[in-house]
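Some structures to go through are shown next.
Both complexes below contain subunit A, partnered by subunit B and then by subunit C.
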Partner chain A sequence: MQTDFELDTTGMACPVPIVKTAKKMREMSTGQTLKIISDDDGFRADIVAWCESTGNEFLQLEETDGKLIGYVRKAV
Partner chain B sequence: MHLGFLIMTAPYTFQNMDHAIGLMEAALDKGHTCEVFLYMDGVIASSAHIKPGQDRNLPNKLQVLMERGVRVTSCGVCCNYRGVKLSDFQDGIKQAGLAALGRMIIAADRVVTLGF
Partner chain C sequence: MSEKASIIVFSGEFDKVLAAFVLANGAAASGMDVTMFFTFWGLNVIKKNKGPIKGAKNWMQKMMGIMNRGGYSRLALSKFNMGGIGKAMMSKIMKGEKVQSLEEMIADAADLGVNFLACKMSMDVMGVCKEDLIPEVKDIVGVATYIANAKNCAINLFI
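Take a look at the complex of A and B:
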């Protein structure tokens, strides 16, 4: 999936991947997309929950080589 | 009304899990909805390996609540610190982190915190 930005949070535990995602999204414009890489198991549900509570759009979650890759679109 | 329960103590050591289960049973009977976030030592109740013999089986009671529509989420980092693996989880319990706790707090009309 083509994205506008990428954020690697490998090695970071909850809540840091979500905090860094939120910080990055604040720098982005509405409609832009972000790819987030994480090896924190909680990220799987957290990224969906964070999108639900902030109104941003959750696009997809993939698992590759033990890493979770989430895609989100800035909606607000 | 949608109720959120934040449980931060270990089952059997404290009665918080029992209180939460009793409150949720009563709330569901009255037509309310509930969800649970297991945090700190509360994550121990995620384990399907708890075998209390003749005593009350709290993970099984959580299972019955989940079958009634209660979402149960367990903090992933808290599990890591206590050696509770995802593969140990009672069926239906999901692992997540503080974003999921934040979502529960926003979604709930009331949050009941049962801690130390």
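Take a look at the complex of A and C:
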């Protein structure tokens, strides 16, 4: 999936992937998309929950080579 | 207006304070307006790392200042601290597991706009004055400020 921005949080434990995602989203405009790479298992549930509580749109979650790749769209 | 979260940091132990910051940063990253109230032993988290406290008014507060040295880098583990050996081991383990240090978490919290407030009454008890606190602390307040804020919070925690 093509995205406007990418964020690699490999090697970072909770809460950093979410904190970095939130910080990155602050720099983005509404409608832009972000790809987030993580190797933290908690990220699987957290990225969905984060979108739910912030009102941003969760697009999809992929899993390849032990890495989780989340896609979100800035909605607010 | 965004939802609000309030965390009272009463404890001054490394592990409990770490939990408080994970929650604060998680809430702030989730778009919440977060306030942390530091009181009693929790004041140690927001005390500067160096030197004796300047606000001590008598020998008992001075003693307290010496035995209860502040600064986030001095916080002990609530279990198995073993004179600091346990804390050092825990810090090493955390680093290996790629968990942020408390210092990084505090910096992230400030960056995310978490509001740091200090409790005036416990500052008086401990002989701590404003100059003893890190600059991230926005204000020194009383219980009424906490209550007024907490009434409107979706999340209220006491750690």
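Worth pointing out:
Note that in this section the second predicted complex is superposed on the first by the 76 of 76 C-alpha atoms of A that agree within 3 Å, B and C clash if a C-alpha of one lies under 4 Å from a C-alpha of the other, contacts with A are read in each partner's own complex, and residues count from 1 in each chain.
In the analysis below, contacts are C-beta pairs under 8 Å (C-beta built on N, C-alpha and C of every residue); 3 or more make two chains touch, one makes a residue touch a chain.
Just so it is clear, the model here is predicted, and its values are computed rather than measured.
In the superposed model, A:Met12 makes contact with subunit C only, not with subunit B. When both complexes are overlaid on chain A, the residue A:Trp50 reaches subunit B and subunit C alike. Once the two complexes are overlaid on the shared chain, A:Lys23 sits against subunit C while remaining clear of subunit B. When the two complexes are overlaid on their common chain A, residue A:Gly42 makes contact with subunit B while staying clear of subunit C. Overlap of the subunit B and subunit C interfaces on subunit A comprises residues 13-15, 18, 50, 53.
If you check the complex, the residues on subunit B that touch subunit A are 73, 75-77, 80, 86, 94-100, 102-103, 106-107.
Subunit C contributes residues 22, 25-26, 28-32, 97-100, 108, 111-112 to its touches with subunit A in the complex.
By the touch rule above, subunit A contacts subunit C in their complex via residues 11-16, 18-19, 21-23, 50, 53-55, 76.
For subunit A in complex with subunit B, the touching residues are 13-15, 18, 40-47, 49-50, 52-53.
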